[in-house]
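Both complexes shown next keep subunit A, but they swap its partner, so subunit B is in the first and subunit C is in the second.
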Partner chain A sequence: MASILFLVIAAIGLATALGTVLSRNLVRAGLYLVAFFFAIACLFVLLEAEFLAAIQVLVYIGAVAILLMFGIMLTRDTLGDDTTAIPVGWMIPGLFGGLCVFTVLAVGINNSIAPSGWTPWSGTTSRPSIIKQESDPEPAWVAERREAVNDMGRVIGVELMTRYVVAFELAGLLLTAALVGAIALAHRADSAPKPPRSVEQAAGSGPGADPPSEAGEPVASSLSP
Partner chain B sequence: MQLVELNFQTWLRWALWLVVGFAVVFPGIVAYMVWLERKVAARFQDRIGPNRVGPLGLLQPIADAIKLITKENIVPRSADRVVHLLAPILVLTSAFLVMAVVPFGVGLVPVDLPSGLVYLIAVSSMSPLGIFLAGWSSRNKYSLLGAMRAVAQLVSYEVPQILATIPVVLWAGSLSLVTIFDRQLEFGWYVFSPPGLLAFATFLIAGVAEVNRTPFDLPEAESEIIAGYHTEYTGMRFGLFFLAEYLSVFGISCVTTVLFLGGGTPIPFLEFPVDLLGGSTASLALVNLILLAVFLLKVLFFIFVMFWIRATLPRMRVDRLMNFAWKYLVPLSILNVFFAGIWYEMVIRPGGLTFANWLRGTLVTGVLVVAAVYLTFLLNRKLVESKPIDADWPSVAPATESAR
Partner chain C sequence: MNNDIPLNWFLYFAAASFAIGLVGVMLRRNAIAVLMAIEIILNAANVNLVAFWRYGTPAPGSGPLPGVILAILVITVAAAEVAVGIGLILLCYRRWRVADVDRYDTMSG
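So, the complex of A and B:
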């Protein structure tokens, strides 16, 4: 049952991933990407990690996909008519680069070595039932695993604050840098001299902090006579 | 936390919830919420409201539903057909799925997830996507404007809304809504503490914004952009948006009740006798009946408050909307996390809710909360008065800005 489910979800995931790459319309590609993220969330559920699935949906569908759509709207033609075409000359190098990344990931994950004292994170183990059996005694790691499944939020929080704290802080630093960079970019674009605008259009145009009026501008200006 | 075994009984329970709850009860609730809203709004405007179809107009929602279903479905010729049809379903699914983790009573919860709150936030964060796709696929400038407004607003107000749930998670020590509910059976409602009150107010305001209701209904401002993202929708597809909106009003009221008002417990600070008649099935049913009735009363109160706000307040301006989220609610709710920590150390960690503890905690955090609110408002006023933020900022007199 579980393996059939996995096959179905994996097939959907692959199909939507292909759709993302091959779709000519950017918004449609984004929509395929959302479906792909959802398939990943389904895989997390299959792995009994519904906390991760929820986080996946929250972060990738609720935030990343929305921002992606917003970005498309802000930078391209607002209705997304602008089709994307890959220059033919870039196809072979692109394919080669993608294959290289895939090889590095596959080999790296398969041969990951754990730091001393830790279990490697890519190991495969059998999955006993998470329902506690009263009759037969169970090894310690089964209890540990049940704990992790039942209280995943706490376990992940503890892991992020101890084992992965450096990676966590680095990711935070990276995001902060990206934020600062985005503000700097938006600010420079904003400080350019602009023609005077009416009050309605100018409403809410803070220093790059307010997307809706920025987004609405081209449409609004094309509407006004 | 409750682990379920995937046996026939579980499947049966889920099927029952799905069929009875999601196909009959919740649409029915929505239909009569619409009726209630029309009646309430009519009272506020000195009218009678629907009174033609059935006694007191009680059959009006049914007539409306039949009208919506029999209307022609029009997809604009230049619209993106698939996405246009998919968008309302996405919004409705997101609104429906929120109800899946709400504990209506003891053991009366569709699914008890260990991380129910994260699930809830994740599911409700899918509705901006549906709204955006609806606006984009309609090929209508007003729709697109509405969609952009909707996404900006929903993403902004999600931040204070999530931050406002952190005190509750901290105090309950769990993300499961059932555990949060159980803890409030023991310790009284979370709203009766200064940080809890602040979090409650933030959550409610952000919640009203999340469901696009007045004064935050800019995405569908009918006097500015016709109907925003659902301008091009007709018939039952429009009805789906309508259903989703009212269902999320119901959902946000349920979630607020569970998080801050102790679910269905009738009296704050009092341990509710869960096994009234000695743990028999009859006693459980009785307790659940009481809990469900009180729960629905509280939910009805919140729904009424939302209708009341809608009948009273005008729509916000876009810049004020963003200012309110980012300059008032977000700093306040971040500060509130610290206050909640103080409350945890003073009241909850000593174990057991005693009056002395409660009083001491209320005094200390109360002063802090009032000071934080006052400072936030003061700083924002000073900021507005000091200088215009942008050269082409609309020249609003400082007096009106500080009159908020």
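So, the complex of A and C:
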């Protein structure tokens, strides 16, 4: 049952990935990408990582796909629509290269090469159960992981605050840097100062309206070197 | 469990998605489409991480959720990358009025 479900989800995922890559219409490619993200979320559910599936839907579908849609909307090509088409002469080498990469990866997956002393991981078909079995004894990590899977949100929070706190702080730093960088990139660097809205307003407002504009100017000039 | 999904299937799916995303990065000329293909590649890597976490034996002292935490960090990095990438593409679009990566050839000799 789970195998059939996996096959259906994988087929949908691969078809939508191909649609994203090969679709001529960019908005259609973005919608295919949303479907691909959703298929990945379904795979996370099949892997019993439901919290990660929720994160996937929220971050990827809710934020990244919408951001890409805004990007598509704002960069309409003014010189014709030929940038979204794939040239026929490139199609064959590109698909051949992709097929070669997939072949190499599949050989690596299929070969069941393992370091000495380790069991080959390639043929693994059973995962440790997340339901407690009373009969047979289990190693400690199975019980630990079962508790983590069954209470994933809390355990992820605890792990992020204890074991992975450095990585957590670095991710926060990266997000802050990305935010500042995106603002600095998208900020329109106008060297010419803005004219006042109207002459009467500038003349008749008196000294009361001056300090906000005075305070606003140095910030704008320092952001646009 | 006997009728469980083999680990291989997840790996094959991730490898195929990775190859498709790589084809997209190589073939597409629109910068936004290239970003979409990069997102496909990162998602394929995430599927691999979570599949190995679920099926494999953890290294001693790695805690209960190493793969999931790494996948969350990958999602964070991907979100930051898309934000900066869209900003860069908008900047290039404003300068050259085109979103074609082949036209951004100011630095070519």
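We adopt the following convention: the second predicted complex is superposed on the first by the 115 of 225 C-alpha atoms of A that agree within 3 Å, B and C clash if a C-alpha of one lies under 4 Å from a C-alpha of the other, contacts with A are read in each partner's own complex, and residues count from 1 in each chain.
Note that a residue touches a chain if its C-beta (ideal position, glycine included) is under 8 Å from a C-beta of that chain, and two chains touch if they have at least 3 such contacts.
Small disclaimer: the values here were computed from a predicted structure and weren't measured.
Enquirer: Considering only touches as defined above, state whether A:R28 meets subunit B (first), subunit C (second), both or neither.
Expert: Only subunit B; A:R28 stays clear of subunit C.
Enquirer: After superposition on the shared chain, which partner residues are touched by A:M152: those of subunit B (first), subunit C (second), both, or neither?
Expert: A:M152 contacts both subunit B and subunit C.
Enquirer: Applying the touch criterion given at the start, work out whether A:A54 contacts subunit B, subunit C, both or neither, answering first, second, both or neither.
Expert: Touch partner of A:A54: subunit B, not subunit C.
Enquirer: Please work out whether A:L174 is in contact with subunit B alone, subunit C alone, both, or neither, and reply first, second, both or neither.
Expert: second
Enquirer: Please determine whether it is subunit B or subunit C that touches the greater number of subunit A residues.
Expert: Comparing subunit B with subunit C, the partner touching more subunit A residues is C.
Enquirer: Looking at the overlay, does A:V8 come into contact with subunit B only (first), subunit C only (second), both, or neither?
Expert: In the superposed model, A:V8 contacts neither subunit B nor subunit C.
Enquirer: State whether A:F70 touches subunit B only (first), subunit C only (second), both chains, or neither.
Expert: It touches subunit B and subunit C both.
Enquirer: By the touch definition at the top of the document, which applies to A:G62: first (subunit B), second (subunit C), both, or neither?
Expert: In the superposition, A:G62 contacts subunit B only.
Enquirer: Where does A:M161 make contact in the superposed view: on subunit B (first), on subunit C (second), on both, or on neither?
Expert: neither
Enquirer: Kindly classify A:V107 by the partners it touches after superposition: subunit B alone (first), subunit C alone (second), both, or neither?
Expert: It touches nothing on subunit B or subunit C.
Enquirer: Touching subunit B in one complex and subunit C in the other: list those residues of subunit A.
Expert: Residues common to the subunit A contacts of subunit C and of subunit B are 51, 55-56, 63, 70, 78-79, 152, listed in rising order.
Enquirer: Could you pull out which subunit C residues touch subunit A in their complex?
Expert: 1, 3-13, 15-24, 26-33, 35-37, 39-40, 43, 46-47, 50-58, 63-65, 68-69, 71-73, 75-84, 86-91, 93-94, 97-100
Enquirer: Where on subunit B is subunit A touching in the complex?
Expert: So the residues of subunit B in touch with subunit A come to 1, 3, 5, 80, 83, 113-115, 118-119, 121-123, 125-126, 128-129, 132-133, 136, 139, 141, 144-145, 148-149, 151-153, 155, 158, 175, 317-319, 321-322, 326, 389-390, 392-394.
Enquirer: For subunit A, which residues are in contact with subunit C within the complex?
Expert: Result: residues 1-3, 6, 10, 13-14, 17-18, 20-21, 26, 29-30, 33, 36-37, 40, 43-44, 46-49, 51-52, 55-56, 59-60, 63-64, 67-68, 70-72, 74-75, 77-79, 83-84, 86, 90-91, 94-95, 97-99, 101-102, 105-106, 109-110, 121-127, 129, 141, 144-145, 147-148, 152, 155-156, 159-160, 163-164, 167, 171, 174-175, 177-179, 181-183, 185-186, 188 of subunit A touch subunit C.
Enquirer: For subunit A, which residues are in contact with subunit B within the complex?
Expert: Against subunit B, subunit A makes touches at 27-28, 31, 34, 50-51, 54-58, 61-63, 65-66, 69-70, 73, 78-80, 130-131, 150-153, 190, 194, 196-197, 199, 202-207, 209-213, 215-216, 219-220, 222-223.
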